[in-house]
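The structures considered in this document are given below.
You will see two complexes here that share subunit A, one where it goes with subunit B and one where it goes with subunit C.
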Partner chain A sequence: MALLRTINFYGRYGFFQLKERFSDVGQSLSYLLLYPLLILVLTAMWNRFNAYQGNYTREEIYVYIAIAELLFLTFLRSAFLQRSQADFSMGLARPRSWLGLTFAGQFGATLGGRCLYVICAVPALLMVGVSETLVSLAFLRLVLLLPILGVMESLMASILASAQLLWQETRYLVLPITKIFLALGGVFCPLADYGEPGRSIFLQSPASDLFFQVGHYCLKGEFYQLSGTAWSIRIGLWLTIFGVTNVVFFHYARKRHQSWGG
Partner chain B sequence: MLADCVAIEALQLTKTFPKSQTPSVDSLTFSIAAGETVAFLGPNGAGKSTTIKMLCGILTPSHGTARILGFKAGSQEANQRLGLVFGTRSQLYQHMTVEQCLDLSAEIYFLSGPAKLHRIREMVEAFALEPYVKRRVRSLSLGERMRCEIAAALLHKPQVLLADEPTIGLDIVAKNSLRQIIRNWQKYEKTTFMLTSHDLSDVEALCERCILIDHGTKVFDGPLTALKGPLQHLRRIRVTTNDAQKPVLTEGYRFRLTRAENPFSHIYEVLTHEQPMSESLFALSQHYGESLQDISISEVTLEEVLGARYGAS
Partner chain C sequence: MLRFLGKALRYNLSAHISNAPNLAAATIGMLLNNFIFLLGLWGMLFAGKSQNQELLNYYIALNVLIMMSYGVLCFFFGGWIEMGDLIVNGHFESKLATPRHPLLLVGTHALHPSALGDLIMGLAGVGLLVGMGESDIAVRTFFASILAVFAFYSLFVLSGSLAFFIPRGNAIAHLTNNLAIILCSYPVGKIFPTGIGRILMMMSPVAAISLMPMRWIEEGTLLDFVQALAAIFVLWLVAMGVYRQGVKRYQALNVIGTQG
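After this line comes the complex of A and B, so read on.
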């Protein structure tokens, strides 16, 4: 019963963070309206450069860009990390875990935000002529993967929040990290269409597992040059690494927090 | 049982930060009974905030122990019974409405269901928050926000409230209103209240007892009146005259200090246990005669007392 109440609380906190992220209605609406435009522009760009010579059809590129952009637009946010960092002291004086709140907040905001973008993407893709079957299948697969992706990103967010307590300068790393994920993850274009040796190298990064492989799976129903089990093992490994790093960083952040007076 | 009547207890509390030769808080020992209102004072760098942070579990003491209602400071049991207000740190979310923030604060402290809604309604009424509940926090003035902060801190009915500079940056009207609300609330709920503030009018308005620390050690612990010591009998009499040639009264009476602020305003200080006020006023009215325009009497302020103490140390 107590566990259920705890889960319920963190669920509500996640929803609170989602509401906070979209609390500015004007700004949120403009983001949601710009998103379909972004799909159109990036797809046109990719098709222009690639001239449909890659591994995907024109329709698939639309869906791929929609999925990759959706994942990227809801990736790590500096504002959330800063708020988490600012709440660290108070978190130690409250009966709820700071780590739990940071994780739940990021998870709720990411998952909820992604669901909103899915709602925008589906009609937009149908309007540009992508087949209903492809859209429904791709987004169904995506929705199934969203929780596990949310967990992974929430762990990354809590690591970065703790890291900022340990080394203030790491706040400048959030932007480069997101850009690295943007480039290595195949957000602008699928890694499958990259030339060698870049493709083989990029395919090994967590960015590929989080963006490209997810996009590819949603389109084709299988991972690129990777079995479902292998992808799950890789994700499990990343989760373990991020989980352990989280605990270690939190422990040291709490310790270091003592040295500058809270 | 001791924990039944002691709300806050510090035993040999010491905090030495790494790379620092001297402790910020050094063997501090005090206890605060349930329902007491205590001011925790000291100059900048005296160790007030460090002590407060050790009491609420934000910092771990290097030595000694801190207990809240018998529970180790920082433990979940202690945190659940503790309310915190930091004037320089907001617990509210800027982009959310006050109502949403209060709801979240309540849930953080395990309040839910009808009990939560009832308590929020109670706080909205008590703190006169009705006009703001639907407004976003970012649109509130500092005074309005601080009222919401305190309401959020008291939502879970904490038995102990620690407030660190709750009126910082507020104008006099907002300060008075906030003090009035806290005073009423404290009387109503019998919350143990520990306040640190550089605004000593806060202290005089809200607290009965004062703990004074300097360089991390306790230098005074007792009622506010005792802090003033012999100065509690000191009264300052300002006389306004319309005769610029009128000299200051210097002889025949036991005025502690006499000086001319300007040719039309003279100041006298008198210790009322040495010379009754009636005698002083009689002497002054005799001396000034028809040139006397006005007389005002004031007590020595806590600022002056502490200023003198800090200056001496």
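After this line comes the complex of A and C, so read on.
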């Protein structure tokens, strides 16, 4: 019973953060303008420099870029990550865990942001002439994967939130960390179109599992040079690593944190 | 004037130097960020692709142009990129009550330590071009970066001035700045060589910041240089026009409060 109440509490907190993403008019406006423009520019760039390789059609690239950008633009981005530190001292005095709140809040915020982008992406892709079948199939597959991707992203965000409590300067590392996932994850274009030796190396990174493999699966219904089981094992491995890292960072953050006046 | 600028820079810097780990983290963070971004684009466009190699110099020059100009402007005059926020938050009022030009005071209002990372990366890029034996392109890129500083300044004043006219104009200013910076970071001159895409780019601030200066860097003719100057001048004229109209209708926050 107590466990159910706890799950209900975190669930409601996460849902509140999800709804919060729909309440910011300025940000919603930027989604509507910036996101389709990025899809157009990156697709045009692929068309100019990589289309000759013939791994994907132009329609597929529109959908791929839309999915990869959607995942990237909500990756360790939410203002919730910054705000979560403010609640740390209070979190220590509450019966609920600060780490649990951060995780649930981040999960809700990320899921909300991604839902907003999906709402933007579908009409934008249909307007540029991508077939309804491809769009609906790809986005259905994406929606299936969103929860597990959200868990992964929230675990990483929680590590960064704890790290910022330990060393404030690590907030400047959030941007380069996201860039690692942008550059090595195949957000600019599918990793399958990258030249060697970059392709073989980048395919081994977690960034590839979270961005390129997801985008490729949504398009083709299968992972790139990887079985579904192998992808699940890799994701499971990353989840374990990030979970353990979270516990370690939170442990030290709680030990070393000094609140104002402390 | 120079004394004033020197003092403003010294005071802004002293605030950051007193927290050296923060300044170092910001600079190193931005250096890493830029390096990884360039690595990703290199992997996508050039690694193992012989047919794209002719664009390598263009790609390096473009990134040097944007990083250096943005780095110089935001490191020494970090207030301009925040102009919309200053207006919306009521900090612009105090700039109107001194004999100095309000835009100068806005510019020296803040300093972005992370922009130092952009500036260093840009200078390293100039060195790389020289090392590759492209001294002509390196010299033109260096001077084009100085021109692009004025283009970025005009863009920031133009977008920031929207806050005079539109409620929450600061959000639109951020969006406009981000759009322009993103478009300038990709080789749009090569992606859209002709057609509607090209026309749209020529009608936007991207023309003055990167398209026209890049054409001069590539071709090196006097005509291209004059066209780049003209594009920047037009953007500056529009920015100043919008700014002046905005200042005329600007009402201090306490007046708005009284009316409310």
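Observations
Convention: the second predicted complex is superposed on the first by the 245 of 262 C-alpha atoms of A that agree within 3 Å, B and C clash if a C-alpha of one lies under 4 Å from a C-alpha of the other, contacts with A are read in each partner's own complex, and residues count from 1 in each chain.
To be clear about the criterion, a residue touches a chain if its C-beta (ideal position, glycine included) is under 8 Å from a C-beta of that chain, and two chains touch if they have at least 3 such contacts.
For clarity, every value in this text was computed on a predicted model and none was experimentally measured.
When the two structures are aligned on the shared chain, A:38 is found in touch with subunit C, with no touch to subunit B. Of the two partner chains placed by the overlay, neither subunit B nor subunit C lies in contact with A:251. With both structures placed on the common chain, the touch criterion links A:93 to subunit B but leaves subunit C unconnected. In the superposition on chain A, A:58 makes contact with neither subunit B nor subunit C.
Legend: residue contacts after superposition of the two complexes on their common chain; A:23 is shown touching subunit B, with no touch to subunit C. When the two structures are aligned on the shared chain, A:176 is found in touch with subunit C, with no touch to subunit B.
Note on subunit A: of its two partners subunit C and subunit B, the one contacting more of its residues is C.
Note: no residue of subunit A belongs to the subunit B contact set and to the subunit C contact set alike, using the contact criterion stated above. Within the complex, the subunit B residues that touch subunit A are 17-19, 24, 49-50, 53, 56-60, 74, 76, 79-80, 82, 84, 86, 89, 91, 93, 95-96, 100, 104, 107-110, 112, 136.
Across the complex, subunit B is touched by residues 5, 9, 12-13, 16, 19-20, 23-24, 86, 89-90, 92-96, 257-262 of subunit A. Subunit A contributes residues 25-27, 29-30, 33-34, 37-38, 41-42, 44-45, 48-50, 52, 168-170, 172-173, 175-176, 179-180, 182-184, 187-189, 193-199, 202 to its touches with subunit C in the complex.
Remark: subunit C residues 21-22, 24-26, 28-30, 32-33, 36-37, 39-41, 43-49, 51-52, 114, 168, 171-172, 174-175, 178-179, 182-183, 186-188, 190-192, 197 touch subunit A in the complex.
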